[in-house]
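Please go over the structures that come below.
Each of the next two complexes has chain A plus one other chain: chain B in the first, chain C in the second.
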Partner chain A sequence: MTQTVQAPPGAATVPPRVRRGRVKQPRVRTGVNARSNVMAYAMLAPIVLLLTIFVVWPVIYAIYLSFYNWSFYTPPIPVGWRNYVNVLGDRTFIQSVGRGLLFAVIVVPVQLIIGFLFASLVKSVSGKLATVLKVSIYIPTIISGVIASIVFVLIYNYQGGILNAFVGLFGIEKQAWLGNAETALGALTVPAIWLGLGIGTLIMLAGMVDIPPSYYEAADLDGATWFQKTFYITIPLMRNIFLYLLIAGFTAAVQQFELPLVMTDGGPLERTLLPNLYIFQHFRNDTYVGYSIAAAILLMIVLGSISAGIFRVLNSEKAVDG
Partner chain B sequence: MAAQTPVTAPAISAIGQAPRSSGRSEGGLKGVLIGAGKAVMATVIVLLALFPLAWMLIAGFKSRSEVVETPFQFFPDVWRVENYQLILQDPEFIRSMSVTFAGAIMFTVLSLAVNSLGAYAFARLEFAFKNVLWVYVITTMFIPGMAILLTSFVVVTRLRMLDTLAVLVLPGAASAAHLFFMRQYYLNVPLAMEEAATLDGASKWEIYRHIFLPMSKPVFVVVGMTSFLAFWNSYVWPIMTITSRDLYQIQQYLATFRSERAAELGMLMAGSTLAALPVLILFLIFQRHIIGGIKIAGLK
Partner chain C sequence: MRSTTFRALGMVAAASAVALTLAACGSGTPGQPADTGGGGEDVPEGATTVEFWQLSFQEVENDWYTAVVDAFNSSQEEVHVNLTQVPGDAWEQRMTAAQAAGNAPDMYTIAYNGVISAASTGQILSLSEHIGDDVWTDVQPEVLGSVSMGEDHYAFPMLVEPSAVLWYRTDLFEAAGIDAPPATWDELVEHAATLTSGDVFGFGGPQSAGDAGWSTWGLQWNVAGHLPISDDWSEAQCTDEYAPFLQAWQDMYAAGSLPQQALSGVADGNPLGQGQLAMNMGGSWFASVLLNDFPEMVENIAAAPMPSFHGDPTAPTATLGGWTWVVDAKSEVPAEAASFIEHALGGGDDEQLLEYFAATQYSKYSPRTTVNENLIEAASSSENPWAATIAEQIVPNSKPEASYPWDISLAFGTALEQAMQGTDVSAALADCNAEINRLIEANQLAGTAPQ
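And now, the complex of A and B:
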């Protein structure tokens, strides 16, 4: 997808209709243009209409309602910034955001490291086996959060769960992994890592394959080891991919809420109450929606700023051209 | 005359087929050790990736108490098919699978139609306010789901869409990300292909219909699979908008089954296995395109 193969009509030096104008009358040319407008709008109408109703309207509506005290059956009463002030003063919400960040700090690096190692492995094996490995690692990605939750709850089960049987081999006592306040959040990270591993691995693999083999051949001539090649060639050349995966993985992890919703419902002692789950529960229990919406908007701002921060910090180092 | 370099549409081939540098050339003990290390690592990761699903499948063959029996046993003493039979005889399970499948098909078709039309218009047509509309559409790509989840619910309530199939199918069908992905693909289609058709007096619609649509198979597979998967796996939106059991989505059915019939673990595992099967089969059929599609997903 280099610039040269793209043929955007707008960027072309001569717009298409002028080309046609060489063989047609100027009067006809404007007619074609008007007709082409109608055709374009007809083709764009469905997507613009759907996005307006189901994305743009909700966004504007969310911003509007966050300044109002409103339930489904009453006229909205303007309250200024009070919803936001209430959210910021709500310790449960602040703690849930901190918990979401902690969750992401565990999930994302593990995903990146395992994904990187596995992508290196896949790259180094031959075609047929590589396909088997790629397909296997991608399969968890297509499994739903609900099914993953159901399976992992039983894996963590106190009685007869696989994990307890496994740690029992090392003489460790049985744990209620999801019921114990100390281990619950950690236990949730495993299915989150499992579900997200495949896509990250394959994106990294795609990036690795794009690195010209001549770089490695030159390094081989100098007798470089695998570690040297990885740290001096592969990782620096893949920094944009890491950056993308880091930000995408980070926002996804902080916003995770299907897993805690199905596996623990936020418990025990709110230890798995991630921010989106908190907002969602609040929305379901409180008919005055302004507060929940303000919390959602605040979370969006926090996530956006942190992502921008990660981007700035990592991108400020001089980028290597790949 | 804009001289366009004739290029072929991006070949969606499997990733990971690049020429390998070393590895095989290293002979002797070191080579054997590296090979063994790779084999061990590959086995471990594949096992970790597939273990939970294998266990789910096998637990479906266990009796109710065997699933969480102490001491733990991976395989059942006796392989029973009752769980699979019973869940397949549950009319609610069959209905949920059918309703979700039908909804997913509708959603996928709508998503492909709406997004590819828009993608074609942005890739090939010139019209007034093109840039304004482009920014308008693309901006929606950066809005996180939670920011609009709550008010989307308010909107569909006002539109009286609650508890209908439309509330599941319509809201997510238009996707700026899918449009963007398809537009990238259409931009790479050589102009020469449509110039002949234009000279013959074909309309833009005819060009889309007879030149672009037939060429869209690779992107349609990727976007279609993503849409199908998103619909099939969705849980939060259905539990917010669907209350009648006739329309229960499959994930909703599983979660409800789990809370209402908590003791039937074998059946739950069998049901989960069967519920994962359609997307698993679709993925295995199209895996080459999907895994290859990641490469053209516009990371660069």
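And now, the complex of A and C:
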């Protein structure tokens, strides 16, 4: 994991300057470097172009449109900040964002914990069994979210659902898992955790395999227990993995769309109306699209702020060398 | 030009994203093709093509649309109609994506409550200049009023169907010693409790805000004498006058007479046919579902008007929903599209139009006076035992659908759902009132109601 900084060919043997803990390489201008730079820019150009066309430009244009009342049939009418004021004045939007964050707070940690435990199990077993386990845990990832939603609707069904049949064995009355405002969001978290578990587990497994065995051998010589090795070696060295999964999982969970759309359509009492579904419903029903776009941009700001906050709290650089 | 191009690019990107998200759904309905339709072949040379999108429901309806398009195409060579049948659950995203890309069809089907909104925002064209006054005079005035602004008629009504009929099981009534359908809401709540037993629930009706938003307009008229917004859309009227309605829902849900989770959407007649409900508030289209899919249940099911809150049997309890045909504002062939509408719905071939109502077992009614008279006569000797009751006791007292923006209807539906789930009725109505006032303010609705 230790990085070695080598001086480029032809560079003067000046010791590298150290500033704020970073190694700064001496600036060297040579024909070879210039050519390398041109090649690098040429290689980067396609992706920069595609990003500009499909990411940067749509975002800029969406921001522009959010200041207009605009439909597919009438010229845009500038409305200033009114779309934003209306969105922020709509308690349904504010509640949907809060609900999305709550949904993520439930789903992501459970996914991380189960994924970590499963990855540890896979790493500790023999080759063939590990393969079976890896395939098993990955299957939900390749199942369509729509299909999974329908399957879970059947499981949760009030009349004839498998879950109610199961709880009935213990003398518990039938529950309206998706029809009751108190249980609906919780019912949605189960398929969300299940669907996202596979990819997270495999990424964690890759991170675990990458940890040098010598660390564990040294710990074994010192008589460390499984818990000590996990908390003092595995978890610290997987910090960047956790950071990635936390941010990716958090933004994906807040933006969950298929499950509430298919399973509850945001009900009951909007208790499963997550922000993306809220935006979609407005995009689908509103005559003017400025409102939906303003809501989408506000959601982008919320998610960007949270991601930046997670980056700040869990500084990835600190984990480079363990 | 430049801004138009950019706008189109931006919206195509947005619409494509939505379309890609939903692409995995295929048609959106398992086992159903994404698009079907008629008229796509043998376009005569020089003929003007009219693209027509139809919201797909039942197979018999799709067959009728195909037949009427084919008949029109065969009858002349100047206009060729190309029919596309779009499944109901894919309609909104398909249409939105097409509008964003500038590829909206020339004409399409649209529900009554969407006509005024579409007309006032420039999405559809007035048909008045293309279809003569003599054709419009045959359309029932209250129905025509619901598709008109000023002197202009923006849609041609195809059918009307009452949104709320009380369907009930006569065998279960008899077993419980109940000899007549409820005439008051107290009776309905009482009967629902009596009839609830085992896996059979006493009453089924709208249980989500979305379903309640449109299916209860008639009951809103009934209990309060008005809708929850003033006629000029300047202030909310979600007052305590609606309390008996919300209270009835709360009582039935608490008693277990209403299922704790809706068995299906309010537009779905299957739970009644499957024997899961003793009484079911549903549209007149349930007749077609019962006759086709549950023939063994027909003799045990009767229809009646929903009970009236204040005991007046002539007070409205339903709205006349249904479908109209409109021409898109960006169509380059509006006259040709209108000529097809006039031919199919306006009197060009009424025999063929009557075939539609016969195919749907007289579960729907014609907004045209002459057609409706023939329809009721034919229905009396049809296999539909409920047609006369609906035509004579419900349709005449029904109101047109509300034409204000959908969010207003949703606010009332949310209040009903809140009350059902246990929120204090007055608090739910206060929330509804505040939300409607917020929507009026945010959307600058005051004074924009069509006259």
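Here is the rule we use: the second predicted complex is superposed on the first by the 256 of 322 C-alpha atoms of A that agree within 3 Å, B and C clash if a C-alpha of one lies under 4 Å from a C-alpha of the other, contacts with A are read in each partner's own complex, and residues count from 1 in each chain.
We take it that contacts are C-beta pairs under 8 Å (C-beta built on N, C-alpha and C of every residue); 3 or more make two chains touch, one makes a residue touch a chain.
Keep in mind the model is a prediction, meaning the values are calculated, not measured.
**Student:** Could you tell me if A:F54 is touching chain B, chain C, both of them or neither one (first, second, both, neither)?
**Tutor:** both
**Student:** Determine, for the superposed model, which of the two partners chain B and chain C contacts more residues of chain A.
**Tutor:** Between chain B and chain C, the winner on chain A residue contacts is B.
**Student:** Have a look at where A:L178 lands relative to chain B and chain C in the superposition and call it first, second, both or neither.
**Tutor:** In the superposition, A:L178 contacts chain C only.
**Student:** If you stack the two complexes on chain A, which partner ends up touching A:L88: first (chain B), second (chain C), both, or neither?
**Tutor:** After superposition on chain A, A:L88 lies in contact with neither partner.
**Student:** Which holds for A:L65: it touches chain B only (first), chain C only (second), both, or neither?
**Tutor:** Both partners, chain B and chain C.
**Student:** Touch test for A:I77: chain B only (first), chain C only (second), both, or neither?
**Tutor:** A:I77: touches no partner chain.
**Student:** In the overlaid three-chain picture, which partner chain does A:V313 touch, first (chain B) or second (chain C), both, or neither?
**Tutor:** neither
**Student:** In the overlaid three-chain picture, which partner chain does A:I113 touch, first (chain B) or second (chain C), both, or neither?
**Tutor:** neither
**Student:** Mind working out whether A:D265 is in touch with chain B, chain C, both or neither, as first, second, both or neither?
**Tutor:** A:D265: touches chain C, not chain B.
**Student:** For A:I235, using the defined touch cut-off, is the partner it touches chain B, chain C, both, or neither? Pick first, second, both or neither.
**Tutor:** After superposition on chain A, A:I235 lies in contact with neither partner.
**Student:** Based on the A-chain superposition described above, do chain B and chain C contact any of the same residues on chain A, and if so which?
**Tutor:** Chain A residues touching both partners: 54, 58, 61-62, 65, 72, 144, 146, 157, 159, 257, 280, 283, 289.
**Student:** Taking the touch rule as given, give the residues of chain B at its contact with chain A in the complex, in rising order.
**Tutor:** 1-2, 4-5, 7, 10, 14-23, 38, 41-42, 45-46, 48-50, 52-53, 55-56, 59, 67-72, 74, 113-115, 117-118, 120-128, 130, 133, 136-137, 140, 143-152, 154-155, 157, 159, 170-174, 176, 179, 184, 187-188, 190-191, 198, 203-205, 208, 229, 232-233, 235-236, 251, 254-255, 258, 265, 268-269, 272, 275-276, 279-280, 283-284, 287, 290-291, 294-300
**Student:** Can you check the complex and tell me which residues of chain C touch chain A?
**Tutor:** 6-7, 9-11, 13-14, 18, 21, 24-25, 92-93, 96, 99-100, 102, 104, 117, 121-123, 199, 207-210, 259-263, 276, 329-330, 406-407, 414, 417-418, 421, 438, 442
**Student:** Could you list, by residue number, the parts of chain A that touch chain C in their complex?
**Tutor:** 54, 58, 61-62, 65, 70-74, 76, 86, 89-90, 144, 146, 157-159, 174-181, 257, 265, 267-270, 280, 283-285, 287-289
**Student:** Tell me, which parts of chain A touch chain B in their complex?
**Tutor:** 1, 4-10, 12-17, 19-20, 33, 36-37, 39-41, 43-44, 46-48, 50-51, 53-59, 61-62, 65, 72, 114, 117-118, 121-125, 127, 129-140, 142-148, 150-152, 154-155, 157, 159-162, 164-165, 194, 197-199, 202-203, 205-207, 209-210, 213, 216-217, 220, 240-241, 244, 251, 255, 257-258, 261-262, 276, 279-280, 283, 289, 292-293, 296-297, 299-300, 303
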